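First chain A sits with chain B, and in the next complex the same chain sits with chain C.
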Partner chain A sequence: MDQFLQHCLNALVLGGTYALLGIGLTLIFGIMRVVNFTHGELYSFGAYMMFMFVMLLHLDFFLSLVLAMLLGIALGAAIEFLLLRKLRGADIDTTMLVMIGAWIAMQNFEQLVWSGVAKSIKTPFPSSPLVIGALSVSWNRIFVLVVALGLILCTYALVNRTRLGRAMRATFQDSDTAALMGVDIGTIYMSTFALGSGLAAAAGALLGPIFVVTPTMGDLASLKAFAIVILGGLGNIVGATIGGFILAFIEELGAGYISSGYRDAMGFLLIIVILLARPTGLFSRKERIG
Partner chain B sequence: MKRLGTLAGLLFLFSIPLWLGNFYLLHVLIITGIFIIAAMSLNLLLGYTGQLSLGHAAFFGIGAYVSSLASLGFAVHLLPDWLVTLDPQPVWLGMACAIVITGLCGFAIGKVAFKVRGAYFVIVTISFAEVVRLVALNWDELTQGPMALNNIPPLSVVIPGLVDITFVGKPANYYLVLVFAILTYAIIARLVRSRAGRAMIALKENEALAASVGIDVTKYLVLAAVVSAAAAGAAGALYAHYVRIVDPNVFLFIYTVTMVIMVVAGGKGTLAGPVVGGVIFGLLPEGLRSLAIAPEVQWIVYGVLMILVVYLLPQGIVPALRAYRQRSRSLEPQDAPGANASARQAMP
Partner chain C sequence: MQSSLKTLIAAAGLALVASAASAQDSVKVGVSEPLTGAFAASGNYVAQGAQLAAEAINKSGGVLGKKIELIIEDNKSNPTEAVDTAERLIVKDKVPVLMGAWSSTLTLAVMPKLEEYKVPMLVETSSSGKITTSGNPYIFRISPTSEMEATAFAPIAKTLGIKKANFLVTNNDFGKGSMQEFTKMLKGQGIDIGAQETMEPAATDLSAQLAKIKASGGDTLFVTTDVAQLTLILKQAKDQQIAMRVITTGGSVAPDQLIEQAGDAANGSYHLVFFTPWFPDAVKNPDVAQKFTAAWKEKNYNTGGLTEGFRGWDGIYTIAAAINDAGKPDAEAIREAFWKVKVKGVNGDIAFIKQGPAGKESGQNVPSVYLVKIEGGKVVKQ
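Showing the complex of A and B:
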């Protein structure tokens, strides 16, 4: 029983960051119809920026987190402006190929700059974990969960309570009509991509200090984010949040009780099963694209 | 005239091992040839039916593993007290198994493609490849995991009293790959110029319309997927018996990406496209390596080229060349002869 609770606790922490990744991707995928292969790169970008600020420039840990996220937002905006703006209206395969090219170039650029050696990041949290009965959890992980939940709530509020959010939802429903009603689609696309990228970078910056940072850490993150998006339904923030936690629980319990070698396979099997059984996602009432 | 040109091109290709003394270059050509076969098979799905499969490395890898395991033999516990064993089989039988089994996987993927389309199909195929890779990595008893399958026997063809060839060494394997490539090209050419091929193109262009005039969409999608997967499996088996070692890295996404670049750069939906793209992107890494730059930079160049190709030649090299020739020659419309002319020049 204790072991089971410990697995659940770990899953909760992991689920928070998965949800961040999933929300970022579901916004981009849902609003822009772009299968964003650079999402995982933004995740590892966030982690590397964290490494640079904390370990090389010796900045404050919390300041570094904010900076990493802001740089992620800037990089996302740049990608949208340089690569995607000209391709608006192109079919989904074309933009996907461009994003795959960008992903390869970015990942290898990272490998060139930082080398393939895994990096670790120091945290200001006490090294002794918080112990409750038979359970233990490190302070760093609690911090990650709290920040992730905070960011999820902020994003939810941004999309549902602000003018920008309303314009984003309108674009999601029908971009032509939204444009006719005076929504500047270009700005919406750029802010969507920047926001999604910022969330991915935040997820990387949060998880970087828990695990180690490597250039290929984003690959699995990308694919898992796709799994979460499919689980939750396109453009559905609540669905992506729940999907993130579901994936984390399945992975954690699958690794704990079935086989740790197949931990990462759980997500992919889940994608295949869900798409075959319920192609619109678990929580979506919207039409799927494609 | 056309046939004469094709014959000259083929003669040139068959003569290469006779005058090319450099075995390393011959090795590069063999690997390029294997990837061209895989790219041609991907083109059938991507170019003719319009389904982007990003799990194509899975078929390649399954072909490699099935053929190797059949020719090496294995003993594996499916349940703790249920042992399944297979004695080593002749290599040609292993390759046949590889083609049949990848064809069956293609059948399954084709059925799936009917249910989920577009971006979702892409993600299902990626997931499929990733699951297969993780199985190859973790099922030690069968695949040796990261230790890789070693000492895979080379292909040998023995017909008592008639033929007894073992394909070891570069020239023999070069001819083997060349013959397979020509066969694959011929099969795909025959398929896409048939009624089935026209049906596939129709369903790519406008599926609703195609279905409304009575084209059985599922049937042709599944047919394309089966042929495509089987050809990719054959390429994987050729690869396994040439390099004679297979590890789970054959399933890596980057191999699928390489095939996609070859098809898209060369021109999807053209017979010559994957061949032209395959020659360029098969030889390009060697060119970049001879410039002595880091592998990371090579991959950055790869990625940037991929973006540039989509921007500058969205249709690919072959259709661009064809359009250029048409413009420079006359206003007279041309179709098939132009395609064959470029195909002839570009055969590997």
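Showing the complex of A and C:
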């Protein structure tokens, strides 16, 4: 029983970060129809910025987190402006190839700047974990879960309760009509990509201190983010959140009770099953965002 | 038109002359290492060690009176790329001998190409038994097999008083090979085996495996993986309050890097290593180790990489000795010569014994294996 509860606790903490990764990608996927292969690189970018601020510039941990996220937003806006803006209207294959190129270029640039040696980041949290009976979890992970849930709620509110969010949703439904109604599509695309990128960078900045930071850390993260988006349905924030937690629970319990070697495979196996039964994802009723 | 044709022919002729000249000036050695991807850190250290060795050899006269020239290719931590690099080095660069490929999986992938083109390869990092027992006569390995590590560890298992052991290893030839050999050795001593967990080499969250290991109980956890994943395991084991003695196998764990990155969580862990730069007098050939360490420090390379970099150094010195013995840069002659080499290496004295099916034996060195422990943020001898 203790083992089961520990697995559930681990999954809960992991699910929060999966959800954060999934939401950023689902927004970009849903609104812009861009298969964003740089998502994982924004994730590792956030982690490396965290490393730079905390370990090299010795800034405050929490301030660094905010700065890393802001830089992620800026980098996302830059990618949109420099690459995607020029490709709007191009077919999906072209965009996809450009994004794959950007992904490889960014990963190699990171390797050049930071070398392949893994980096670790010190945290201000106590090194002894929080112990509840037979269960234990590190304070850092609790902090990550809380911040992740906070960011998810903020994103949800932004999309559903603000003018910008309404414009985003309108663009998702029909970008031509939205443009005719006076929505500046260029701005919407840029803010969507910047927001999605900022969330990925935040996930990296949060998880960097828990794990270690390496140039290839984004690959598995982006693979999982894609899985979560597919699971939850395109552009569906609630779906991506629940999808993130589902994936975490399946991985954790599958590894605990079936086979740990197939941990990553089990999540994807489930996705195949779900897609066979519900091709549009678990939670998408019809094509809309919010 | 005619004059441009003449220029072209002249240029082609010049290029031929130039390539012939460079072929005479140097003896080429192909190196395939993971310079990018999951094993990038280790692969770069080995490549740095190899280059230091080549520089040192060239300073003292080179091989066969020529300079030794390393052609280093990046196998990207990927078996398909490893095969590609080997083929390119053999066919395009015409190297008579290779060194590579870091990790059992990458090495196993390259092996059929060696037989196809009849070019020998010195294996500097790989522990799976399969490499030297599958009957590939072009393999000469200087790193220990998992079985050798397990045998070297057997008396220590008694001293430590291990009663029940768990395993957490990477899901590949390296991890599973090691788990198999250590399980056999421990069972032979009547030690109970608990959970035997595997993980993907790139996995970062290992809490599920650790929760299972915690539930299984026992006093010792054997871990086989690279240093980055080990850092995660030590940190996450501490978070889950797992009070087991952690012992790492495979020799690819750089304890200095571990201390730096895992902090407190690294204390109390044991590591099987093949070079001990912390105790220069404990090694078999202190003068060689001294020379290598000095060259490494002169370049300001990361000291945490010494325990990987020495393999590159030992590998290239062994290859140079074989080329000198062979008397010509010819693949078959070098393969023959490997059987006779005696090299004073950083790890110890290097020479090859025969392993595998008769008539198709591979060469296997019997290296030194050391156990060290991390205590209070320092590496101590065991």
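We adopt the following convention: the second predicted complex is superposed on the first by the 286 of 290 C-alpha atoms of A that agree within 3 Å, B and C clash if a C-alpha of one lies under 4 Å from a C-alpha of the other, contacts with A are read in each partner's own complex, and residues count from 1 in each chain.
Heads up, the rule we're going with is that contacts are C-beta pairs under 8 Å (C-beta built on N, C-alpha and C of every residue); 3 or more make two chains touch, one makes a residue touch a chain.
Only a predicted model underlies this, so the values are computations on that prediction, with no experimental measurement involved.
**Student:** Clash or fit: what happens to chain B and chain C when chain A is overlaid?
**Tutor:** After superposition on chain A, which the two structures share, chain B runs into chain C.
**Student:** Check whether A:83 is in contact with chain B, with chain C, with both or with neither, and answer first, second, both or neither.
**Tutor:** Only chain B is touched by A:83; chain C is not.
**Student:** For A:219, select first, second, both or neither according to whether it touches chain B, chain C, the two together, or no partner.
**Tutor:** Both chain B and chain C are touched by A:219.
**Student:** Of the two partner chains, chain B (first) and chain C (second), which one does A:193 touch, if any: first, second, both, or neither?
**Tutor:** neither
**Student:** Between chain B (first) and chain C (second), which, if any, makes contact with A:138: first, second, both or neither?
**Tutor:** Second partner only.
**Student:** Should A:264 be classified as contacting the first partner (chain B), the second (chain C), both, or neither?
**Tutor:** both
**Student:** For A:48, select first, second, both or neither according to whether it touches chain B, chain C, the two together, or no partner.
**Tutor:** It touches nothing on chain B or chain C.
**Student:** Classify the contacts of A:111 with the two partner chains as first (chain B alone), second (chain C alone), both, or neither.
**Tutor:** Touch status of A:111: both partners.
**Student:** Output the chain A positions appearing in both contact lists, the one against chain B and the one against chain C.
**Tutor:** In chain A, residues 108, 111, 219, 259, 261, 264 are touched by chain B and also by chain C.
**Student:** Would you mind writing out the residues of chain A in touch with chain B in their complex?
**Tutor:** So the residues of chain A touching chain B come out as 29, 33, 35, 83, 86, 92-94, 96-98, 100-109, 111-112, 219, 223, 226-227, 230, 259, 261-262, 264-265, 267-269, 271-272, 275-276, 279, 288-290.
**Student:** Which residues of chain C touch chain A in the complex?
**Tutor:** 35-38, 40-41, 43-44, 171, 197-200, 202-205, 207-209, 211-212, 214-215, 227-228, 231-232, 235, 238-241, 257, 260-265, 302, 304-305
**Student:** Touching chain A in the complex: which residues of chain B?
**Tutor:** Answer in residue numbers: 52, 112, 115-124, 126-128, 130-131, 134-135, 137-138, 253-254, 257, 260, 264, 294, 296-297, 299-300, 302-307, 310-311, 314.
**Student:** Under the definition above, what is the set of chain A residues touching chain C in their complex?
**Tutor:** Per the stated touch rule, the residues are 2-3, 6-7, 10, 14, 108, 111, 115-120, 122, 127, 129, 131, 136-138, 141, 207, 210-212, 214-217, 219-220, 251-256, 259-261, 263-264.
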